[in-house]
Amino acid sequence: MDLKRSIFITIIVAFLYSIVILIGKDTTQPLIILTSMIATTISVATPLTLGALCGTFCERSGVTNIGIEGMMLSAAFFGWLTSIYLNTIYHVTPLPSLLIGVFVAILTGGLLGLLHAWLSVTFKVDQIISGTVINILATGVTGFLNRQLFFEKGSIFGGNVPHAPGTLPIIAIPGLSQIPVFGKVFEQQPIAWTAIILVFVANFVLFRTRWGLRTRAVGEHPRAADTVGINVSFMRYINVIIGGCLAGLGGAYFTLESVPSFEPLMTNGRGFISLAAMIFGNWTPLGAWAAALVFGAAQAFQINLQFFRDLIPPQWAFLQQSYIVGLTPYILTMIILAGLIGRTTSPAADGTPYEK
Amino acid sequence: MDTVLEVKGITKKFPGVLANDHVDFNLRKGEIHALLGENGAGKSTLMNIIYGLTSPDDGEILINGKATHFHSPKDAIACGIGMVHQHFMLVPVFTVAENIMLGSEKLRNGVLDIVQVNKDLKELSTQYGLEIDPTSLVHDLPVGIQQRVEIIKALYRKAEILILDEPTAVLTPQEVEDLFIIIRKLVDQGISVIFITHKLKEVLSIADRITVMRGGKVIATDDPKQTNEQALASQMVGRTVILKVDKTPAKPGDVVLSVKDLHVQDDRKIETVRGVSFEVRKGEILGIAGVQGNGQTELAEAMTGLRHAISGEIRIQDQNVFNHPPRDLVEKGMGHIPEDRQKHGFVMQYPISDNLVLCSYYVSPFCRRGVLQNSAIGTNAENLIKRFDIRTPSPYVPTSKLSGGNQQKVIVARELSRNIKFLVANQPTRGLDVGSIEYIHHEIVQMRDEGIGVVLISAELDEIMALSDRIAVMYHGEIVAILPADKVTREELGLMMAGSLKPEVSTI
Amino acid sequence: APAAAPAAQATAAPAASAEVDCTKADSFCVGLVTDVGKVDDKSFNQSAYEGLKKAEKELGATIKYIETTDSKDYGKNIATFAENGYKVIVTVGFALGEATIAAAKQYPDVKFIGVDQSQTDVIPNLSGIIFDEDKSGYLAGVLAGLMTKSNKVGGVFATDTIPPVWRFGEGYRAGVKSVNDKAEINIVYHNDVGLDKTFVDPEWGKTTANSMMDKGVDVIFSAGGKTGNGGLIAVAGKSTADKPIYAIGVDADQYYSVPEAQKVLLSSAMKDITPAVFDNIKAVKDGTYKGGNFVGPVFLAPFHDLDSAVSADIKAKLDEVSKGLKDGSIKTNVAPTKPG
Amino acid sequence: MDKENLKPQEPTPPEPINDSKFINIYLVPILAVVTALILGAFIIWWVGGNPLLAYKGLLQGAFGSVRALSETTVWASPYIFAGLAVAVGFKGGLFNIGGEGQLAFGAVAASWAGYALPGIFHAQIPPILHILLSVGIGMLAGAIWGGIPGYLKAKTGAHEVINTIMMNYIALNLTSFLLNGPMKDPSPSNVIARTPLIAESARIPAIFPNYRFHWGFILALALAFGVWWLLWKTRLGFEIRTTGLNPDAAKYAGIDVAKTIVIAMSLSGALAGLAGAIEVTALNYRHELGFSSGYGFDAIAIALLGKNHPLGVVLASLLFAAMRNGATKMQFLTQIPVDIISIIQALILLFVSADAIVRYIYRIRTPQERVVYTRGWGK
């Protein structure tokens, strides 16, 4: 990701943080506020980052994916379902059930990726449609099963939600996490850590390896790739499936890492925000991550402003209107996309099926 | 000489088209075998089959005598076949090195080994005398160099058989010369070359054998010493063609279009037109000759309102139209045959009838009170299709279904059917066969005779020589000379375009 | 799929009960219409439906529900039951208030029960079940105000545009103030999403509660369906033996509905819809049903595991306050809805 | 020389072979719907439900009585408006995901005009005029909401997809803000975030007493025709379609591409806004902070299902409306979760767009041309 972009984003985040710190400093130490805001930022950013990585892999290979939302939602449900089944029916201890749950979530995402590839690569179905199908299908299937399994009379858990095996344990980085106060930042759950690692892995894969070179070629000029013997369909299939798996991991965050329960529609549009993050990050993993962090920071900004509502000086009264403050991330995105940090350019063949 | 490649009875049907019809063809070691044929004759299809891009419905391919079956270009490459495609197959945003290694990457413990590739390229370059900077981005390179990259790409894969599909369509005499030198070098090193073109001169000058295709069939295979342009042309088109345009001397009227000290930048903000000035009079053809990438594209775009110029002056008759939008220019009497027909020329998905009114859909009789008059549009189409002999089953088939030649005729018909004062024709015959070329040339000359001023931009020296009354040579974004067509030879022009001859003839 | 087996019998029961002809006099059919929340929302729609299930078990009622997918269908969905001879129709949520009143007037011999629907003038065949959430919240506030060591208490709530939520939140504020005016009160409403999300965003609840505890808050009242549950779970995650943090639940005794939080759950501010709905249905059966408002009881759930953590005089204070609230000697001074 | 011997003898490409219109236009989509319903039935059976009873309910609920039919049209009209909105966008090469926000804003604006204008003018406004004002203002609001992303795309190249998504969230927050604050219904009995009732004079009168079937549906049908006429018969339509298919050619043709993009997006927004305005003026007589029932997103499916053709959009809307409306009766009879409707809808969209699957199942020959709906990310 280019320097300009990173600087700009750093400034935004710093700005959001400092406003809150200025308001809250009388009652709470700045360092404490900062720490809690960073912690919030990271956890909010986790699913967005993974979603955006999903988008990046798909679109770098030339397949647009607006089905991220549906992929996440389904993964969240089936991962959670698995962990509960293992834990309550087969009495597997919590941690393994959770880990297998994560695996199933990734698998779910991968399968939906396969569906997306099958439709848009093999059948050359318009990619927007195929994404839409996935979104609607996910809403229906998760809602339907959630009802059938956990609510109806005679359903396996006798109509009430069983005791979920909890959430993934926090992993503290030895040393760093011992730092007084600020150490909290280095206590995150596994998916959050994985997301950050994956950002760098993805960046490496896309720009330093053979796979990456071919992926980008297929997304920019599939025919050229074809003429040097690269199997365009294969590349697209695999990348979309990889993307699906990433989205799946993102889904696992909701039900296995964040809270031990599933709600219909609980992904709550984050799949679409991920799309924004991907474009905003100019189709690069690092960029996508930075964008996700901006959304995270904006969320932290909002929560903390309400937290310190009573301390907000009268001349800033509008900051007390949580609806207005809630606009921050969206307006920021629009400003940034409006070219403030240079135009974003999508892969040339993005969204177009390859005709031999 | 032993045969390295032989195809027997290749047949390929596309929906509605028999692209290849029992084609037999062979290539001997170290020979240059030219393949001639009009648009849609089936040349590219045949080559795509040999290169494993398309699979034939019938027939067999033998490499060095043994039958082979290609599932993908991978197999063809493995058999030592390399192909430079009609439309380059390079990823614009990749570097030369990335483009060349793509598909056969060099790795050091899992990571792309750019260093190694660059080293290999240095060697290749020196071996064949192909200068190239591996680190530059392809979209920054002029077409000539891009083609060089394509050739190196093939050699890098140890190609024994090299297919060149219309390699000279976009080159200038100078570049063509360089290319021929390269090709000969390759042949000396034992590489065999298949060379596709529409240009008879080239064929005669370089080929060892010439095969002519028409309507998907092989018509004949000749020996260049035994044949001549006229004969080849007839074989291609299946009738006698008049190759030289016959035109009476121009009777120039007053100035219709004048350009003064025009400065234009390209997309990458590099100034590619640096203070160009010229005038075009009614009833004359001003040819602008120049090597691709010397600013003709930007010049044309600026003249036709497709690109914002930095400074200068453009006048139609006496009105200043500098940086006016295209519509305004059109209404002031501009006609424009764009360089990239498929990009600017028309909407592929539209029926021919709509594309024939693309610039005039909004005026009577085609549109009244904001409502399109389909009957008028339809009759207009039928008339033009008759008058310009566009080969199509009906005015309502999608334009994408037409051959390149017919597509071009749709544009010519559209532009010439409007009553225009001047015409900017940019590469009007690129990629077209002699038949279509002959036809379009005749139309342009007729326009001139009807008192229209024509700016003809072309990399085809022959075209320039054949049509122009005056010739302006463009080099590095400047016009180095404007000469009367009869006062300059092909050779001089070639040299000026290459910037190696400073004209003593003063600009008129 | 593991789903197949269990789900097989799932809808069997209701499918069977579809046989019952509700138009017959001897039948006792009870229908429930949800607001746009689902009947399995583990929040008030579900609590109300639990009341119907109880009626099915104990009164042999035939029960069915219809979930509303768009507010313009309220009338239609109620009518569907009325026109099929249902004796009792339960409509859940203040959003259905007007539609229910209209229906009650149109179908005078059907008995209506409106959850969270305060009745201004009495209609004989419509009883509105309402709760003084502000009082429950006030009790929770008193408890929090007395329990906090850091003198920082927090509240995680769904959107304050839903009056009951607003009353819980502001009642809580008042309660804390009444016993501990030095305490710093941090209340965050989940206003930045659509109404349909605000009750079902546990992830937000967790994030918010965490950010409060990071700033030293050590008692959190978490109210708002699953959003609130997220807060309770967060507390369970952060609380330690040497620095205990307490959570207070809402609606039902969440000791049972959120087992994850048992070790930190002080109590729950009760708004017990299920028995209220059941009692009203039963009243219809017994013929003791009458229109007008039916005010549900206000109290705190037992302390369960943390009973020892709550000192005797705190318990005494709580009893005193709840008496005061009942006889009106203590006022919460909370407006029924958020002033515009 | 004479033209005759000049004609280049190029092969004339023959008429593209395509199988009978009937099969492509009607049979395949119908089979797609049937296949989806069969799969749906299987799912219902699999969870122990009774498919026949369920579909019986679905049909009765949607068409079983005059009231049912009337209710179906009530569901259909916003679908048609919003579906047309998305289709117009696609025709202009623009993907408008912002229907949700545009619809909400149209509704808010229309209800404001409905209850506030008389106060502002200190006078009764004659009904027709007041209705026109309210609806017009609603459309305007939608047009602005759609126009902003259009403008940003035209001027800065920012993706309309992202900007319309962002505008959805912005609309959501602003509506909540307005309906809880400045525009909240002040009546003491009111506890909900909603506007006051609009004035009688702003209400589109019902057509039949005690049926909710309203003029909005008729207007929707008329507008579908209007949009078809606009796109295929007028100069503006030609400009929109040209820009959508090939912006470069559009520029060459003298079309002001930037302007056309803004117009297309505004038009799209206006249609979505109209959907909201009609809900207010013809049905609810006020805007209530909806638990958003997702018209904006259903509209995308509807437009795609209707292949961006107004007639297709109308049919798709009726289909979706019938299913949503019939769902009540279906659930009443079988107690099956309404989510099954979403599943079936997804399957329908799937089979209609991937018609190769259907053609394979029923052994129907495939045509050469495939319809292109969108251009991925508009660049």
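So that you can tell them apart, the chains are marked A, B, C and D in the order they are listed, and the count of residues begins at 1 in each.
Here is the rule we use: contacts are C-beta pairs under 8 Å (C-beta built on N, C-alpha and C of every residue); 3 or more make two chains touch, one makes a residue touch a chain.
These numbers come from a predicted model, not from an experiment.
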Exercise. Given the two chain pairs C-D and A-B, which is bridged by the higher number of C-beta pairs in contact?
Worked result: C-D
Problem set entry | Between chain C and chain D, centroid-to-centroid distance (C-alpha), Å | 37
Exercise. Centre to centre, by mean C-alpha position, how many angstrom separate chain A and chain B?
Worked result: 47
For this session: Would you kindly tell me how far, in whole Å, the mean C-alpha position of chain C lies from that of chain A?
Result: 32
Exercise. Between chain A and chain D, what is the separation of their C-alpha centroids in Å?
Worked result: 29
For this session: Name the residues of chain B that each touch 2 or more other chains.
Result: none
For this session: Spell out, as numbers or ranges, the residues of chain D touching 2 or more other chains.
Result: 47, 173, 176, 180, 335, 337, 372
Exercise. If you look at chain A, which of its residues touch at least two other chains?
Worked result: 143, 147-148, 152, 264, 323, 326
For this session: Please list, in label order, each pair of chains that touches.
Result: A-B, A-C, A-D, B-D, C-D
Exercise. In the complex of these two chains, what residues of chain A are touching chain C?
Worked result: 27-28, 32-33, 35-37, 39-40, 43-44, 85, 143, 145-156, 159, 161, 163-164, 166-167, 184, 254, 258-261, 263-266, 268, 299-300, 302-304, 306-307, 322-323, 325-326
Exercise. Of all residues in chain D, which touch chain A in the complex?
Worked result: 43, 47, 95, 97, 152, 156-159, 161-163, 165-167, 169-170, 173-174, 176-177, 180, 297, 300-301, 304, 335, 337, 339-347, 349-350, 353-354, 356-357, 370, 372-377, 379
Problem set entry | In the complex with chain A, residue positions of chain B that touch it | 51, 53-54, 72-75, 77, 83, 85, 89-94, 98-99, 101-105, 107, 110-112, 153, 157
Exercise. Along chain C, where are the residues that touch chain A in the complex?
Worked result: 2-3, 5-7, 9-14, 38-40, 42, 46, 53, 184, 186-189, 191-193, 196-197, 200-203, 205-208, 210-212, 214-216, 226, 229-230, 233, 237, 259-260
Exercise. What part of chain A is in contact with chain D in the complex they form?
Worked result: 64, 66, 119, 123-130, 132-133, 135-137, 139-144, 147-148, 152, 264, 269, 272-273, 275-276, 279-280, 321, 323-324, 326-327, 330-331, 333-334, 337-339, 343-346, 350-352
